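Letters A, B, C, D, E and F name the chains as they come in the text, with residue numbers starting at 1 for each one.
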Amino acid sequence: DFLFKGLNQPGNTANQLGSKVTPVFVTQLPGLNTLGISLARIDFAPYGLIPPHTHPRASEILVVIQGTLAVGFVASNNPDNKLFTKVLNEGDVFVFPQGLIHFQLNIGNKNAVSISGLSSQNPGVITIANAVFGSKPPISPYILEKAFQLDQKTVEILQAKFWTNNS
Amino acid sequence: DFLFKGLNQPGNTANQLGSKVTPVFVTQLPGLNTLGISLARIDFAPYGLIPPHTHPRASEILVVIQGTLAVGFVASNNPDNKLFTKVLNEGDVFVFPQGLIHFQLNIGNKNAVSISGLSSQNPGVITIANAVFGSKPPISPYILEKAFQLDQKTVEILQAKFWTNNS
Amino acid sequence: DFLFKGLNQPGNTANQLGSKVTPVFVTQLPGLNTLGISLARIDFAPYGLIPPHTHPRASEILVVIQGTLAVGFVASNNPDNKLFTKVLNEGDVFVFPQGLIHFQLNIGNKNAVSISGLSSQNPGVITIANAVFGSKPPISPYILEKAFQLDQKTVEILQAKFWTNNS
Amino acid sequence: DFLFKGLNQPGNTANQLGSKVTPVFVTQLPGLNTLGISLARIDFAPYGLIPPHTHPRASEILVVIQGTLAVGFVASNNPDNKLFTKVLNEGDVFVFPQGLIHFQLNIGNKNAVSISGLSSQNPGVITIANAVFGSKPPISPYILEKAFQLDQKTVEILQAKFWTNNS
Amino acid sequence: DFLFKGLNQPGNTANQLGSKVTPVFVTQLPGLNTLGISLARIDFAPYGLIPPHTHPRASEILVVIQGTLAVGFVASNNPDNKLFTKVLNEGDVFVFPQGLIHFQLNIGNKNAVSISGLSSQNPGVITIANAVFGSKPPISPYILEKAFQLDQKTVEILQAKFWTNNS
Amino acid sequence: DFLFKGLNQPGNTANQLGSKVTPVFVTQLPGLNTLGISLARIDFAPYGLIPPHTHPRASEILVVIQGTLAVGFVASNNPDNKLFTKVLNEGDVFVFPQGLIHFQLNIGNKNAVSISGLSSQNPGVITIANAVFGSKPPISPYILEKAFQLDQKTVEILQAKFWTNNS
């Protein structure tokens, strides 16, 4: 119950986003129950992206194992959705506070790998685009048109797309 | 320090979204410090919308004081961004779990009003569209194109728009 | 599990206290489980009273929806059971810190209504008079005489009374 | 900062209640800060009483060092203000859950002593009678008459009394 | 469920260490569940010792009921494993912060007794020597030789010894 | 405040233990404040050891980046100081619950590297041997002789040794 094997295996990045999260949460490693901690590996193809997402129940600390990432998070409405962003090289560590929208992009032409610690055994992942445009059933288009200042057709196109769940 | 006045005043909904949040968080009411609770009033013009947003540090319980709202929240990626939605009439109460994306829409042709309790004195509000397309400075368009499956021009248009902060 | 209906219905205030609490706690709304939040509506007949009480597991934030209330809470023994009290009109918001004795009185000659948020899905309510004089079985009269500086007869009379549980 | 001296000294029980609490809270022992624990000694003269009180921020576990105590706590309104009571002899241990009204009475004709652990460095003590009838300034008599089903004169008499703070 | 009897009974100190802990944790007193508090009595024969140990999930506050104890705790590696130590007489109270290694020694030629409060219903006890040299199965001797700068023979001797669990 | 650089640099393992911890705790990365998460890199020379230690305020999840480790933790006295141990290869993940004594040993003849997430921004590290035999000032030898069943001379020798703080 305290052992999980295989985090050295690269995740399959052959998807639209060119990235793959391999979570080691309580679902994958039952011994984490009540311990308030978990881990994840992220693989990035060249220019692969972990798109804007949140963890509803955890803060995250990430270290770059290989490659060069551009990472960032956006503060809440107050103050003013300020974006904090950095380019991270191998060995750089960055923090994403609980619940804030953040992203990680491989800006190199080689694969990249990172490891993250998360402050919950069950942090959750909400990929913004998937939750907004790919929910099941779909959110009413009227809401998305108004919320995102998009025309009806664009919303319909977006809602008809396939949204990769790479986590 | 324990008193805040004026939550009976309708918020000004004369904005793009036709809605206005009046928060009573620790910033507005210092006596809330350490107490783990806060309140907010929401005003909706006819068809006014509180667009998809999250509270990074709080769950929310909402009661409709006046009007008819369509509300919903989206579960995290696992399981599969499931949308939970309900139509709420006066006196109906609904729950939005911590950190999940949720929205409230006035589906009536009259003003609507709701009151929410939040499980933190400093819950935070992240309006998804504002954080994604209206951050300061902007998120790299490349990231948003790839994340939201939008073309470059649409992203540029979106990033040039004015994003109402009505909270 | 996330919906509760009917909080627009006035509670029945035809009781000794002229007041009625309608709780929306985890018992009434199972979806609140683990979310750390709940809600309550209070109805007041003219001069109706929510008598001194505590919530053993929650702080409370109250907003007056209609009418005029005199509210207050008493600090702990140190410092010196200080009373904090305010008259609240429609739209005024007040805070009651966790576990402190507090009360709400309608000081107008019309019905009043308030809504409260509480920082637990299971806040509990302890009406002081009921717990002290109306417990089942009764507390030994000797204890109450000594504690409240009452004579035996008064305590017996009090313990024989009916104590309204309006929460 | 980690040492407090003198808890072997009997508290002075020469007061109306025949009891005295000696707290070792963070105020008395600064090293307790952030540690979530504190201690108290209680001395009882023959038939001395710690009157009904609550700790707004802590549960309590009590052990009788000397003598025989009748102790009890009252559950919240639901279910029905049930009283749990026991006679404790030397070496007996009893629990008082957080925020519930409880009391301890020496039912022997000799002094009694107990020691309690409390689950906060700053548990607070609210002696019910003191907070209700001895607050500063006083609670409006109308409220107390209605809440406690007492006549105006009795309330006035009670509010004019001296309420021992023996904690 | 809220009552435990017999903490006035001296624990049997006829063991190698000359001491005995009598815990009143949730295992012994089920009513402690979720309450975040527990208690323990310690008995010391003359020169009896509670050897270096930790509580992985609780801080401890100890009061000397009888006798004279030398107590201490060691801070973490940073800053520099500083030892805080005091001689405690009857009525002295001392604090051991969560998770730090601490010990209590009867430095008098008479029995001693103390009572401790602990900030968890399930604090756990890890006696360092037992966990290090008496685990089941044993830790690899190579690890202990290197960690404790002991030769192989000494480690083997230690691992073959009987380690009293007096808690 | 959210960036720490250099975790790709191998720690200097030229010490008695053949290992080095590089912490990224709140001291090294101030942006971790209040976030409940931190990270550490461990470098192992061949047969290098992180000796038995605890984190008083955190659970730990470790992933092997390179090499082969033997790891283990010891449960508390009840039940019976049971040892849980595993051999970990590259990509294996293991959990060490809060406050329990644990160790990591490189059992290969090449360098090894691991990364750990910890469930606190300020987890603390207590190396058992250092705290027990290398505290400043030293713990009374009498206590250590009795606790560890060592003769006086061995304790004196141990207390005179240099105890590497490699964390």
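Rule of thumb we're sticking to: a contact is a pair of C-beta atoms (placed from the backbone, for glycine too) under 8 Å apart; a residue touches a chain by one contact, two chains touch by 3 or more.
Since the model is a prediction, treat every value here as computed from it, not as a measurement.
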item	value
Neighbouring chains common to chain B and chain F, by label	A
Minimum number of chain-to-chain touching steps separating chain C from chain E	2
Copy pair chain B, chain C: interface residue numbering same or different (half cut)	same
Which listed pair, E-F, A-B or A-F, duplicates the contacts of B-C in over half of its pairs	A-F
Distance from chain D to chain C - Cα centre to Cα centre, in angstrom	22
Euclidean distance of C-alpha centroids - chain A vs chain C, Å	45
Averaged-CA centre spacing for the pair chain E and chain D, given as whole angstrom	30
Residues of chain C engaged with two or more neighbouring chains	97-98
Arrangement of touching chains [line / ring / star / complete / other]	ring
Ring order of chains, beginning at chain B and proceeding to chain C	B, C, D, E, F, A
Interface residues, chain C side, partner chain D - complex	16-17, 27, 49, 51-52, 54-57, 70, 72, 74, 76-78, 80-83, 85, 97-101, 103, 105, 124-140, 142-144, 146-150, 154, 158, 161, 163, 165, 167
Interface residues, chain C side, partner chain B - complex	2-9, 24, 29, 31-32, 35-39, 41, 58-61, 63-65, 84, 86, 88-95, 97-98, 115-119
